[in-house]
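If you scroll down you'll find the structure; I have some questions about it.
Note that the chains take the letters A, B and C in the order they are written out, and that residue 1 is the start of every chain.
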Amino acid sequence: MEDNKFEEVFEGKLAKNEMVEPKDWMPDNYRKHLIRQISQHAHSEIVGMLPEGNWITRAPSLRAKVVLLAKVQDEGGHGLYLYTAAETLGISRDELLNNLHTGKAKYSSIFNYPTLTWADIGAVGWLVDGAAIMNQVMLQRTSYGPYARAMVRICKEESFHQRQGFEIMTHLSFGTADQKAMAQDALNRWWFPTMMMFGPPDSESPNSENAIKWRIKRETNDQLRQKFVNQTVPQVEYLGLTVPDANLKWNEAKKGYDYSEPNWVEFKNVISGNGPCNKQRLLARNKAHNEGAWVREAAQAFARKRKEIYEAA
Amino acid sequence: MSDNQGPVWEIFLQKKAGQPFVHCGSLHAFDKEMALQNARDLYTRRGEGVSIWAVPSNAIVASSPEDIGPFFEPSNDKVYRHPTFYQIPDAIGHM
Amino acid sequence: MTTQEALFQYTLRIADTNLILAQRISEWTGHGPFLEEDLALTNIALDITGVAKSLLEYAASIENKGRSADELAYFRNDRQFYNAQITELPNGDYARTIVRQAIVDCFDYYFYTELAKSKDETLMGIAQKSIKEVTYHLRHTSSWVERFGDGTEESHNRAQQALNELWQYTGELFEMTEVDEILIKEGIAVDLNKVKEKWENHMSELLEKSTLAKPENVFMQTGSRKGIHTEHLAFILAEMQALPRMYPDAKW
């Protein structure tokens, strides 16, 4: 078949809402866009283990400890599903990790903010996972088969994460005055960074157009952000907390809240490496990887010695 | 020896005894035992299965998208392979 | 000492050993040598935290003074903890973490097998559930001990060094006190001499298979049965207990 015939088949699949599979022909920039998006997503899960893992040894009850362990472990699992989805596009895990460790690949900027108190673990689960889920639900119907299937599994498992976060916020908000203050403080610090998670305003989002055309994305940044605000404000009210935005107001005409834009200058700075924890996160990932090298080599050497491995490598 | 994450394995899970093994995803492992254990730790965290197959990815032979026509379409008109092709007298009932 | 007091302390001993080891190995979560293994070790941490939780709940009910499992975990001081010292040692490198885990998993395997015959129904039930988990933990850590022992020269040396450093803390696992004496008479506690023999044999076999040398004539450390620990435990507790102690009237 000639190239344009291939392209026709590809476009046909998109038009019919069919999935594109690893062996199917796909345009180069579709492949590149996917590798970038899926690996960013995977890296976010892995780096995201750090701020939450930060509190595992300090979880204030035995129940909270097992729940947090299970949750952070789930994030690792999700990173793994996504790495293997990216690998079907012809890039190896080693290369993907190398891109992360050298700072070449990005991950969600939200994880460059610190988790300072136990309430931050609540806020991360409730707000950050809540925002992530909005993206993820839509990605279950994305055009690339392995990505969509990974997202189906992830969404199924994520469903407890946001509840876990909200439960922590509930305990704090209806707890002692100190606890409630801790909850409000966390909301104050996480509100705008969470709003940034949906990406720059549509007018300034360079990758959106293709992403929507290819069904790699199905709603725009601003649409998702609005949806998030509408969904979250009643939850804040239930908790008896205050959204740290003086301009927040119900707009009857658009049946949604008006809100202040996050600080996009800060956003750009955090993305380009100047957030409070960028260096620390990358250092932690590099350290784990480098200190794990002898472990992986030992496993490789052992497999060769015992010939237990089906010449797979 | 160069550092790497080990070969990729495809994991198939059997949900309940007697049911077919279904592909659930992939992972990295350096040897067979590790592949099984990793599959257990990764893909059965919520009681998703009772038995695991782990297969090195590169041992899998797959058909190509171009094969769709020659491989699969010829079977579409073999209606006589399906029970509905045949007429059974009403008096006989279920067969 | 009454049977009830003995049972309380005995239950705390098993609970604390699980809790402190879980606390230690969960430090690896997010920092493992590769992703698949990170998740695997976290599974072990989850399992043993669960065991600790069940046992502390039981201990709280034995004590019957209105303290909850969480209060036992978060408001006792280091001198009131009875975990084996080996569990509180820093993780060190991955070889040390794995070797320690294999030592404890192997102990737990034979210990729970015996405890599953206990006349105390709660301990029996917890032991029966734990055997399944520990059988898998032991399989996982044993396979890593083998990989390290017979992997590269570096991994072999690291594993051997870990063994040499850790062995002095293995004697404690089998120490029996008045607590054990009282409870063995009642058919509740495990005769650790029996466990010791099986553990020794199993470890010898595993180490041989892994081309590692079993340390001989080691002087054994002691203390945890009396709540005497290494310098590390107080730091672990300072971290673990900080929040509940900072806000003692709060519920989480």
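Convention: a residue touches a chain if its C-beta (ideal position, glycine included) is under 8 Å from a C-beta of that chain, and two chains touch if they have at least 3 such contacts.
The structure displayed is predicted, hence computed values, not measured ones.
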Inset, instruction - Sort the other chains by how far their Cα centres are from that of chain A and give me the top one. - result: C
Legend entry - Chain occupying the middle, per Cα centroid: A
Inset, instruction - State, to the nearest whole Å, the distance from the C-alpha centre of chain A to the C-alpha centre of chain C. - result: 35
Inset, instruction - Could you put a whole-Å number on the gap between the CA centroids of chain A and chain B? - result: 29
Legend entry - Inter-chain centre distance, chain B versus chain C - centres from mean C-alpha coordinates, in Å: 40
Inset, instruction - Give me the residues of chain A that touch two or more other chains. - result: 73, 77, 80, 293, 296-297, 299, 301-302, 306
Inset, instruction - Enumerate the residues of chain B that touch no fewer than two other chains. - result: 1, 5-6, 27-28, 30-31, 33-34, 42, 45
Legend entry - Residues of chain C engaged with two or more neighbouring chains: 34-37, 39, 43, 147, 152
Legend entry - Residues of chain A that touch chain C when the two form their complex: 46, 49-50, 53, 56-58, 60-66, 69-70, 72-73, 76-77, 79-80, 83, 118, 168, 171, 175-176, 178-179, 284, 287-288, 291-299, 301-302, 305-306
Inset, instruction - Please name which positions on chain C make contact with chain A in the complex. - result: 23, 26-27, 29-39, 42-43, 45-46, 49-50, 52-53, 56, 69-70, 73-74, 93-94, 146-148, 150-152, 154-155, 158, 239-240, 242-244, 247, 249-252
Legend entry - Interfacial residue positions of chain B with respect to chain C in the complex: 1, 5-6, 27-31, 33-34, 37-38, 40-42, 45
Inset, instruction - Report the residues of chain A in contact with chain B in the complex, numbered from low to high. - result: 1, 9, 21, 23-25, 73-74, 77, 80-81, 84, 87, 92-94, 97, 150, 153, 157, 293, 296-297, 299-303, 306, 308-310, 312-313
Inset, instruction - Provide the residue numbers of chain B that touch chain A in the complex, in ascending order. - result: 1, 3-9, 25-28, 30-34, 42, 45-46, 56-59, 62, 64-66
